[in-house]
Amino acid sequence: MIEERLAALKVSLPNPPKPAGSYIPVVKTGNLVFVSGQIPVKDGKVQFQGKVPTNISVEDAQSAAKLCIINALAQLKDELGTLDKISKIIKVSGFVNSTPEFTDQPKVINAASDFLFDIFGEKGKHSRIAVGVASLPLNSAVEIDLIAEVT
Amino acid sequence: MIEERLAALKVSLPNPPKPAGSYIPVVKTGNLVFVSGQIPVKDGKVQFQGKVPTNISVEDAQSAAKLCIINALAQLKDELGTLDKISKIIKVSGFVNSTPEFTDQPKVINAASDFLFDIFGEKGKHSRIAVGVASLPLNSAVEIDLIAEVT
Amino acid sequence: MIEERLAALKVSLPNPPKPAGSYIPVVKTGNLVFVSGQIPVKDGKVQFQGKVPTNISVEDAQSAAKLCIINALAQLKDELGTLDKISKIIKVSGFVNSTPEFTDQPKVINAASDFLFDIFGEKGKHSRIAVGVASLPLNSAVEIDLIAEVT
């Protein structure tokens, strides 16, 4: 069902990107799954690099945030078999590679939040932080991790 | 009971501030509630802005941290009906809008930790991180999220 | 058993360092334990200070990350009595005190991830974030918190 929704949104999930480090993408405990921090990788290459807003626009950073969510969903599908097991998105942590002056982190991470709502509806409504950080792995513009509840 | 304690501390909870983005303030899963990142907003306006310590003193940043907690409690009251359902504060994540040289993040976030202990007593003792970040939403001096356990 | 493994790795756990603030090192809820952010303290002194890579090399930051894990395990042993109660490491959050140009946070935090795998084997495989932050408490090079599942 969620996958039909993704198809309607013309979103195709990639083969989940490998973690850039010695850890695993998804860990389950009880009814919770913790997804490792995702960066805007596609076809093995970081698509959105640099600091917002000097190297990369808010609009492109929003695309980066969306790509992080696509990668998180790919990891979850790989782990769970189907995204229909997700009963709720609990928490999204959004880290934006920011200049010291940039203060529109919520605008960037809204793209991730809106996208989750588009896909999951009410189940996609989550708690959230959005902060600006000095730098990110592989010079990614955005890094996002999430916690979901599964049945 | 907690609300009597708040009154004794002369703390009044505001109408909970709306999230500055497309997400929700509190999500519950099992016995845990996740509160979205709170900023030092009062009456719709961020009260403490800028970087510690150049634009804003440690003392003012401590007031900002306390205001973040007040807003988190307002959100929790709105969600739970009463703060008496909170059986434990589990985790506080404190993000301080810092210059690259500032290293007293614990002093700032201690104001939040002490305040939670004042209000909740032993139940208010939590785990914590305190980090310095490059920038925060709406140029807030501090952003704090928390996880609580409820009965 | 885990302690024999630590001995084989020639790791001795210190008396757990006191939190640099008014909070507690470990909080338990259900089967989860939340460990507060650990910094690379040894014998009461921060061993690795400054920003990566200008003040401190990636190699030294890796040693800092490992020391953060040692301190986290010391806290967990103090709380749980024995590390054998740990059934899984769920989540590691790694904050690296970074220049705005540094993008190898995963290399630094890999030292923590590899170390957890060395100690706990499959149970040590965790989800993770690694981000670069503007500054950290006491000018620590690295701060790491973690969530573990216990039996």
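Letters A, B and C mark the chains in the order given here, with residues in each chain numbered from 1 onward.
Keep this in mind: a residue touches a chain if its C-beta (ideal position, glycine included) is under 8 Å from a C-beta of that chain, and two chains touch if they have at least 3 such contacts.
Since this is a predicted model, take the numbers as computed values, not measurements.
Novice: Tell me the angle, as a multiple of 5 degrees, of the rotation that maps subunit A onto subunit B over the C-alpha atoms.
Specialist: 120
Novice: With touch defined as above, tell me whether subunit B and subunit C contact each other through largely the same residue numbers, more than half shared, or through different ones.
Specialist: different
Novice: Where the CA atoms of subunit B average out and where those of subunit C average out, how many Å apart are those spots?
Specialist: 24
Novice: By residue number and range, which residues of subunit C touch two or more other chains?
Specialist: In subunit C, the residues touching two or more other chains are 30, 100, 133-134.
Novice: Can you check the complex and tell me which residues of subunit C touch subunit A?
Specialist: Those in contact with subunit A are residues 30-32, 88, 90-92, 98-107, 109-110, 113-114, 117, 125-134, 147, 149.
Novice: For subunit C, which residues are in contact with subunit B within the complex?
Specialist: So the residues of subunit C touching subunit B come out as 19-27, 29-30, 34-37, 51, 93, 95, 100, 133-139, 143, 145.
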